[in-house]
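Sharing a structure with you now.
For reference, chains read A, B, C and D in written order, and residue numbers begin at 1 within each chain.
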Amino acid sequence: MKKKVAIVGATGYSGIELIALLANHPKVSIRTITSNSHQGERISDIYPGLRNVLDIKLVATKMSNIKECDIVFFATPNGIASKYAVELLNTNKKIIDLAADFRLNDIKQWDKHYNIKHPCPKLLEKAIYGLPELNREKIKKTNLLANPGCYPTATLLAIAPLLIENAIKTDDIVVDAKSGISGAGRGFALNKLFCETSENLAAYKIAGHRHLPEIQQEMVKLNSHNRLSLTFVPHLIPMKRGILVTIYAKLKQKKQKIDLQKLYETRYNGEFFVDIMPQGIYPQTKSVTNSNICRISINKISARKIVIVAVIDNLIKGAAGQAIQNMNIMCGFDEKLSLTETPVII
Amino acid sequence: MKKKVAIVGATGYSGIELIALLANHPKVSIRTITSNSHQGERISDIYPGLRNVLDIKLVATKMSNIKECDIVFFATPNGIASKYAVELLNTNKKIIDLAADFRLNDIKQWDKHYNIKHPCPKLLEKAIYGLPELNREKIKKTNLLANPGCYPTATLLAIAPLLIENAIKTDDIVVDAKSGISGAGRGFALNKLFCETSENLAAYKIAGHRHLPEIQQEMVKLNSHNRLSLTFVPHLIPMKRGILVTIYAKLKQKKQKIDLQKLYETRYNGEFFVDIMPQGIYPQTKSVTNSNICRISINKISARKIVIVAVIDNLIKGAAGQAIQNMNIMCGFDEKLSLTETPVII
Amino acid sequence: MKKKVAIVGATGYSGIELIALLANHPKVSIRTITSNSHQGERISDIYPGLRNVLDIKLVATKMSNIKECDIVFFATPNGIASKYAVELLNTNKKIIDLAADFRLNDIKQWDKHYNIKHPCPKLLEKAIYGLPELNREKIKKTNLLANPGCYPTATLLAIAPLLIENAIKTDDIVVDAKSGISGAGRGFALNKLFCETSENLAAYKIAGHRHLPEIQQEMVKLNSHNRLSLTFVPHLIPMKRGILVTIYAKLKQKKQKIDLQKLYETRYNGEFFVDIMPQGIYPQTKSVTNSNICRISINKISARKIVIVAVIDNLIKGAAGQAIQNMNIMCGFDEKLSLTETPVII
Amino acid sequence: MKKKVAIVGATGYSGIELIALLANHPKVSIRTITSNSHQGERISDIYPGLRNVLDIKLVATKMSNIKECDIVFFATPNGIASKYAVELLNTNKKIIDLAADFRLNDIKQWDKHYNIKHPCPKLLEKAIYGLPELNREKIKKTNLLANPGCYPTATLLAIAPLLIENAIKTDDIVVDAKSGISGAGRGFALNKLFCETSENLAAYKIAGHRHLPEIQQEMVKLNSHNRLSLTFVPHLIPMKRGILVTIYAKLKQKKQKIDLQKLYETRYNGEFFVDIMPQGIYPQTKSVTNSNICRISINKISARKIVIVAVIDNLIKGAAGQAIQNMNIMCGFDEKLSLTETPVII
């Protein structure tokens, strides 16, 4: 018998991708989709691509609509999942939050970066950070999953082998990150209008993006020996989907001889969703469009300087796909279920 | 045991879409992919999105490389499939030509519109025009299938119910067609360069596009009672994929009272790949991206004037997807195999 | 001494183009720019491309801010200019309305198509429709100028020579119109978001766009002998700026021999802003980007069928540029002042 | 009397921008435009936006066609200008090369990075590097001007104040550069096709772009005290025009207290084409589209770490516009002539 799934906040871009991917999942069925702004409407009237795929109606976001489901995805703004978490956990539901409510372990960090009084700060320590390639065992056992941000997913997968190996100087890492527009969601903002965004390129939040403390927190878990100092500058790219991060780091002197290609291939050996590119071939975002794959290129450009490039689809591996990967692990399903579509090639 | 498939001309846009779709087909396996310009290269080195999906090498386009397969797709320029057709048919292979070699039944029309001496004009009468929704029974029995052009697919599906019903004046039909850039293929041409095409819009071949005789030929088959006169003007749209046709026609006086919505819904009842939109809702190309679906809106704007809008993904229902739909029919498979992916929503 | 100009509604796309063009006008100076949503802000903080070009602040839209100027442009939503018109005309100001307040001569038509009680219906008959190539003499003498809509501008320039010549059947004209996204303005709407619009194409308002009565009204002025029946279907194209209209019409039997190229070249002889393309060369929107030019191609595709293609930049010849052209005429300036920039070529 | 200008290689993107800008220059007239692939054609037939702006025909690239002009722009591939330079200089012509022939002062560097035997290596030392804001006095006196590359222009303007002030550690500078597609020119390449480039993002030439030695050479001229080590990674952005560079550097310990905003504003005080953004406001490429302006933002993100963001239009300040700025200086004209157009705002 299929598990029943609720998607809270189903009309945003992450929500709709959850629906598109889960529509063909063999072990779960979408029972409930919620949206406060569109309740009563059919999801396939809002996104006509879903006609004959999923034609159910959206209901209000409230506990009575959610609680009959076994698994609850929150594809909502920050501050929603944490309102429902305690009650849902008490009734043994599985929660997967695609927002930031449970990503930071330290309530002080939360208070500093998010302007919301956290309703259940104690859960911050219990939630598991859902990056399966680095954290799979813990994910298996949790009912409260914090799905990573899109930038952190690409950045952490790209740099983890070096941190675990203790191979680089950690006090001077530069992450130059580039994201398509869908990363900013479906809400209205001038810089998401076609005429403002097409044929345009800009850096933003140079002084501090909310994903920075999240990345730093997870980096420290991977390498706690050294002081960490990270520069993170995101850029908005005139395309719909895709993230590319370019990471600049320096090898420790004693690690200059390390075989980086081998280090990466070994670390991610057997990982279906991580692909290490051959030397000299750099990944492009198009090669992962609509797929849950992260492709990584590791380059040594001088005796100690290295440049890592990683790409993901921000809506799949950076959001809905990874959430389903986490669900598969939490439920004991094959991790790849409903995530094996070939990338859109053209 | 799986049928063996060859894809001739595998690196073009139609070829690569065939690969992406067939990679997960449960009843066939891709045995041979050919390309004269890229022979010896791995297809996944050319399209890195195919890494770990299909990593075989391209071979030269020649009979010895093709003949071991049961089914041969030609995703080539015009004039290639017809060179191989006689020999392949003699050895009982199934041929599906995505080019125009077998679309026109009349060698005079071919000579007029294509600057190529046809190697086997007698086959023109035997080939079956592969529009399953209009021609399914004949497709079941053929080994030589002419896969329709992208514009004709959208146009014919959009207007067929009216022609079959003999409901419109056929001497004054206007088809204003719009296509994304991929319709022009992957060969080099100035008007496919990003900087020439982005933020640009143009009509082309007003004096006569090669798809016009193809559309006319099939229209006459649907309605041979009346003189047919069609105006067809294609336009190039700054997007990668998608076709939208806007068709302007007039009801015959005695057919003014016809229920058009019902006519269309009845005609396409049970057709998985044709979706008639509700009154007042117009289809957009995004709603069929990466899918084999055609969505159609039928609108009556005055007592006799009607406007039909239809959308397809030119690379799927307009090329590779329809070719696989035809293969499924020719082989007695479930017609939908490997064609049920949800459209890319964002 | 320079004339003082006010731009009411300066932060929308038409308003900002007025500023960009007028910034270098030798005979006027921008004295007042208004915006209710952005009052107090510097225009160059909103559009940083204007830094060091025009750094004045926006003020509230109210009479006391406007009345000191000689010329008032309304680049506002419908229903604003008509609130100020009577008082401004009484003090001898020149009004150029880029919205629809004064485009329709008949209050019944206004009431039917616009959901706004018109504050000064008597002015509807006095306002002059500002299409200089067809209406120059009246423009010279008016103080109340209705700047044409973008679709009407392209459509009327494209078909006027045929109507004036009484060369076509007027009861069956089809206008298939395509516009970039900026035509919909800067206000929020889902279908203006980058992720909803990029790689997408759709028809809209098939049942009746507000520009249809405007086009019909002006067509009748050009040819009142015959019943007029116009089909007008607009489409949204994934590009920022540019309009292309494709017009399908039929020659009257007795006019079959007419030299269409000559008809058009003669009609627009001496018109700096209208360019008739040579036979067989079709205009593309990019060729008029950022310029006030309309390029037109006239094609005879059979004994009686003709196809006309015309392109304009919707924000320039379709809005701000034509408004300035009208101002130049109303003020007795050289009609081309500040409108001679070369189109943006790439 | 106007100076006569020749544009060699007039049909490429830099060439065509030279034409568009110079068409309205009050002190020069375009006498000769050359193209080997298009000789005999009218430039306005290739770029219809130039109809009625410049309708002369292209002639072959050979000395007899060029030598009658006073000023010769080479908007050609590398290796052309250097073939003509000696003879043109001998007859006292002014040469402005938009390619790389004269950018490197050291023939060894040239040999290492360009696969062309340099015809006149001695001229490498005489040519002046044409970055007016850093090099104006030398430009005034030269007849042989090397117009900087697009990436170097943005990078050098962005970092020059820090180097001149000796404020940063020069052994660890990271330049993450992003360019629109037009930077790669108009020649055919797969990664310039719309369908390959739209909705895609990639890094390229991580191991070493030809602009790196050019940037390093000029940086050393600005600060020769220290060892210089630069990491430079370019990225291809799915837009037509625009470059944005994000530069990561560290202040020297003793320079931590420096007022960076003031340093930049002072350095570029009076420079019409350099705009220092206010603190906290980051430039976007759209704000300089079609203009010769470079906008720079200087940000201190920790005690010693700084991030500089600079934008230019790669075809204007990064190519044709700067070439004309240099011509104006070399000829003693007002430096801004024909370069004061307002950026395209939308």
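To be clear about the criterion, contacts are C-beta pairs under 8 Å (C-beta built on N, C-alpha and C of every residue); 3 or more make two chains touch, one makes a residue touch a chain.
Since we're looking at a predicted model, the values are computed, not measured.
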| item | value |
| --- | --- |
| Comparison of B-C and C-D by number of C-beta pairs in contact, larger one | B-C |
| Of all other chains, the one whose Cα centre sits farthest from chain C | A |
| Distance from chain C to chain A - Cα centre to Cα centre, in angstrom | 46 |
| Approximate Å spacing (C-alpha centroids) for the pair chain B, chain C | 39 |
| Geometric centre distance via CA averages, chain D-chain C, whole Å | 37 |
| Where chain A touches two or more other chains, by residue | 13, 182, 195, 198-199, 238-241, 283-284, 286, 289, 346 |
| Footprint of chain A on chain C - complex, ascending | 13, 181-182, 186, 188, 190, 192-195, 197-199, 238-241 |
| Complex interface listing, chain C residues touching chain B | 172, 174, 176, 178, 180, 195-196, 198-204, 206-208, 229, 231, 233, 235, 237-242, 244, 246, 248, 250, 280, 282-286, 289, 297, 299, 301-302, 305, 307, 309, 311, 346 |
| Of all residues in chain B, those that touch chain A in their complex | 13, 16-17, 20, 23-24, 45, 47-53, 182, 198-199, 240-241, 275, 277, 281, 283-284, 286-291, 295, 315, 340-346 |
